[in-house]
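So, here's a batch of structures to check.
Next come two complexes built around chain A: one with chain B, the other with chain C.
Take a look at the complex of A and B:
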């Protein structure tokens, strides 16, 4: 017994010592390497992403794009001659964790600008924090319309690159009923702000075009058995299913859809459902003939804001050994890094948060997801390209594209 | 009586409080202020959850009340423009109402069932918050929850607000802990059955604990919503429940400061560990594991022990050992046979029946059946005031079943039991105790983890005022009750000769002393009728003679006694009358000499001659 205690004590001492060493060591482990070629203190900016938890994979993809973006910027001379350096904190896609991460970034790391915080709930929780300190926030993924609705605490400090669900539905509106023939539609989405938001806007768009919503089902993120919902959809006479959820759950649904021998048209929305990922998780045959709403089609360089950069990005991503399934999500980090870099340069290299926030409104960046620029009229919101992609024999083909529309 | 704080702890407390008040002026780091505010929220949650732990309940549904408070407050202020103070209290009251409903439904359940039902409730509530889109806005959450007042700018007003809530809560809990209510809760946690037998209603205090806990959690939820200004169903995540339970358990459950410490440590630690990035939660888990390995009672008790050790080393003094290293010989426990105890105790009760013709307890046609087994069938007897009535019979005759039926610990299938014209059938065990009926148990039943003296203090509880307000305000009545309890405990310690063991943990006493203590506990509740269930079981002959003297002394003081016993020497020498049972039926009743010669009794004990 005593020996066990001694052993346990020794073990804990080792663990504590390791921990202390890690804690007292330089926190540069968080930071991607700034280019050695550049002199001067790095310009720090904050990043809040889910690095752990159920959506850690998506967070990792965004960070990989961000890393490529920062590397590119630094290789091309950095920002105002100084290297750009992100400090990435884990928000776990949890509102409280993300808000704490924001507080840490602002008061501890003294960052002048933050990118984050992936999910809408997390972003909405971060917004009051950035507002209290007056620090601009660049939103790369969240889709809730409330983020860019005047009156939401922190609205003045938010600029969003990712489209709202409403924008997505609006862009797809001309195609849904008339082109794809979606007359009787079932909605099957994840029960969170993203799925619910997309469900509501697509319902509106379809109904406005004379289509009909025959069923609306919201399932938990962790649900793996959707046979009950699919059976009911099958029995409801639906001719199409609109899905908004992660790639893994879409793959699960498609497997069971095939199992039931269903033939409804499938349309996924939200832009995070890279069909290659779905194909890897299900099978190319199952994904064949499905439609997907995307904001960046990695293989269609001509559609990107800057085709040459799109090609370079595609190659670099592969060279870095990042997983192919993450490509569809990674562009968010890449574009956001460039937006932040450009804002700092437009601000005459000043890191004053207030003027940086103003500078963001002047940013125009031809990125992977189209032309990023924030419209004051639309609540500090950019309007990325929206594509309707069809999967044919494992290949992605854009059947429709909605180019950026001039804002009034 | 409330333990007066030592001078050191007063200084320490004053120091801590001033440090907290001055924190925003000494620390410029906003991050620390924010963590302090969050720690404050968690101190409220952990302390509230700890109230349930105080009555021995483990709930896995604290987030439901926290979330309910947050949603009520957020919905009232954003949707109906209700002013914050109203919404704040409405949040507390809504959570309390939910606590009442859930408490009524679940508090009769124990252990795993209670845990599962609370867990289920929390999950139900999460699903409602997630799917009742019209009211809660579902997963989209409620944005733009207004600050409590316009001048709540920056973190400082929030900090003082939560500090005020924390100080008020802890002060209230401190007062409660050192009051009748706190002692009753301690008794329930230690031994609910025994607590019932001395007049403490387990259900009442558990419900009170649930109401207080849910009220505090509701207020904490409201604060959260107005501090974060955004509310989504993530507040109801199971992770948060685990966090709260960890804070209480690792901090030191059922102590006042444990949850406070736990809340601070487990709010700050994950933030400190941010430097290790993705390893954060793994290391956090490892630290938690080590903590529980080396500090199984929690951080606070471990710190207390450490402090005590340092104190001893510095001053060279040893504080009184909690458990004496040697016990006196068992015969020291009682006065020798026949000799009266040195300090007679006046046993006070409403009626001091000395008139032997008066019937105190009547048992009529009592049947207790367990399925097809007739444990007791059609048994009649009555107990006259001031007598010693023994119930004897072979094993399985139904003796303990009758005692359980009288004290309402066990079921009654049919028949009537009345005490001074009041029917006991519909009462609960604590109500029977309050009629002046005390008892001991066949298997020694004590409050094992508190001192011998505290056992006797707790036993006085049923005689003290129960009102929450009286106790929190430390009214004269409650202060007097505490003093009475101490005085009564000392008297009984002296009388039972357990005085040298006053500071020893009850479970560390030798067996013979434990049985005496059990008798002392029953006496501390001042019964007029005392039911003793095999008090001599396991005692050696000198101990039995002491017990005999003790029983007679108790009777001299006017307490009527019903004795269930196998020790025939004891029974025959002390009893006025004897009821004999066999296979659940009464086979004889009469004076000892009558019973001794009764043919059926002899047959029951020795078998029929063939």
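Take a look at the complex of A and C:
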């Protein structure tokens, strides 16, 4: 009996120790294999992505694109003849965990550059850490205006590929009221820097065009029951709803929107709103007729910065068996890997962080999300393409683009 | 006025599930004196079993619910036998820590088995709303509510009428006296933990078609379940039902009329108010009594 108890106690301790290691301040380190064909020590770079937690799916998608990108770079000779190798830490989309991950990547792994940290709140938490150590940060997803606003701690070390919420709203401004007829608008977004930032910029854009915001709701990213908010929106006389959150939460909202028999126009923003993912999690019928602001439309290769590469990426993604629902998010990792690789080459293969930070300003990469080029005048911010996409019978159709796409 | 009634209806629907979760947790605490932090993960596993059996294997939804309850209930039984029984005589924080570890283990196992991508189970009943006067109700939500109360009523009958139910109640009131009267306390513990886990799994399986299924879905549910148990009164079966409904309605009204941002805070505000006004909970007793 005593032996059984000891055994069980030991078993419990092992289970506990294993589990604590997976959830606390010691995030999982994932080193993807660098190409065996290349000689020399791999060039390491850090990645902070949410691999667990409510948006773990989005983090996994970004990493899948990153993996394809790194694989392509290494297959083409690597960076300065050396293989590129990401060290991926789980930031859980939690500011504290992401900051811890940055600290670990810099002090323990000694990476010269970092990509991350998906959510705006997490990225804002990472920025003071990279600034303290003098390590450049390439932001692939976050859209809060604060990140590239001079004066924000860490601003000097940040270069952002993803557009700001203000860029989205500005690009969509001509369409919101005049084309889509959004006169009385409700905002229903995730309650963090991303959702609130987007809410504020879209409010401004709609009001400047003569529209009116009739209600604003901000929900936690873990919330699944939104019937109370939708009931209020339905009773507010809103004719449209602007949503900024991840695809999974949008799908949940659309299910309950259907339950209530609502008919308001739906516009989703933020770039983590891939309609194919929403359709798979809700249904094509529920998504029919909705509008989505996107930065990469996987099926519209002509819209990408490099159409041939977009086509290659689309096929490679499928060949690797990655889920189709992640395609619309995965491109971020692909573009970011290429930006980092090009910056190192432009820096004469030096991994000195300070000069690498300068080299980022000279990067020009025709990626999946358009031409990536960081403008010093606009706060180290690239200006990717922004598309307004409508879903009709399960098909995505770009109805507007910024910058406008030249017709052949 | 229509909105108010719709909010009450919405709150009542989600409150039924909270009640189901709370009953399982209150039973486990009352009988075993274990604060089960893995309750939300049993809920998550129930949803994943329904996804696997109903959506992937094409088994009818009702049967999938039964499979979920049995599979997760069995996991609960195994957990009690291998993890909790050996540390039963330790201070209360030891089993509490063990269930915290178990919750993380189960969430990460789900992450490995089903990957982090949220899953849609598909719909066994139509989700399109039916207008009842100015109100909207869906067959799916109606089914969830009816099923929740059938399960609760069945559990109540089991506790009151069956031999095992009586043994559980006896153990709940006085473990040593029950043991002296010939009740096999080990079996009672095993059945209680398995039963509580099965009820959580049923709640997860019932809500899976309405929401999405993903490995981390259980965390917030555990917190809500604790709120239900504390507000209702530790060990009170009707208290858990009342508190579940109260929490569902309070959340619905709070999110609708106060602020969406405070929705999850409402549960904890309720706890504070109840603990100040009535420390034993709404229907709790000074001494444990499974009523």
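In this text, the second predicted complex is superposed on the first by the 378 of 408 C-alpha atoms of A that agree within 3 Å, B and C clash if a C-alpha of one lies under 4 Å from a C-alpha of the other, contacts with A are read in each partner's own complex, and residues count from 1 in each chain.
Rule of thumb we're sticking to: a contact is a pair of C-beta atoms (placed from the backbone, for glycine too) under 8 Å apart; a residue touches a chain by one contact, two chains touch by 3 or more.
Keep in mind that this is a model prediction, so the values were computed, not measured.
Contact with chain C, but none with chain B, is seen for A:255 once the two complexes are overlaid on the shared chain. In the superposition on chain A, A:103 contacts chain B only, with no contact to chain C. When both complexes are overlaid on chain A, the residue A:325 reaches chain C alone and has no touch with chain B.
In the superposed model, A:393 lies in contact with neither chain B nor chain C. Of the two partner chains placed by the overlay, chain B and chain C both lie in contact with A:52.
When both complexes are overlaid on chain A, the residue A:228 reaches chain C alone and has no touch with chain B. Once chain A of one complex is fitted onto chain A of the other, the partner contacts of A:132 are limited to chain B, with no touch recorded for chain C.
Look at A:153: by the touch rule set out above, it reaches chain B but stays clear of chain C. In the superposed model, A:193 lies in contact with chain B only, and not with chain C. In the superposition on chain A, the residues of chain A contacted by chain B and by chain C overlap at 8-9, 12, 15, 19, 22-23, 51-52, 191, 218. Taken together, the chain A residues at the contact with chain C in this complex read 4-5, 7-9, 11-12, 15-16, 18-20, 22-23, 51-54, 56-57, 59-60, 191, 217-220, 222-225, 227-229, 231-232, 235, 248, 251-252, 255-256, 258-261, 280-283, 323, 325-326. Note for the complex: chain B touches chain A at residues 29-31, 34-35, 38, 130-131, 133, 138-141, 143-144, 154-155, 228-230, 232, 234-235, 237, 271-281, 283, 286-287, 290, 293-294. Chain A makes touch with chain B in their complex at residues 8-9, 12, 15, 19, 22-23, 25, 27, 29-30, 51-52, 89-90, 94-96, 99-101, 103-104, 106-108, 120-121, 124-125, 127-128, 132-133, 144, 146, 149, 151-153, 191-193, 195-197, 218. Of all the residues in chain C, the ones that touch chain A in their complex are 2-3, 6-7, 10-11, 14, 82-83, 85-87, 97-98, 101-102, 104-105, 107-108, 111, 115-120, 127-129, 131, 136, 138, 140-141, 207, 210-212, 214-217, 219-220, 251-257, 260-261, 263-264.
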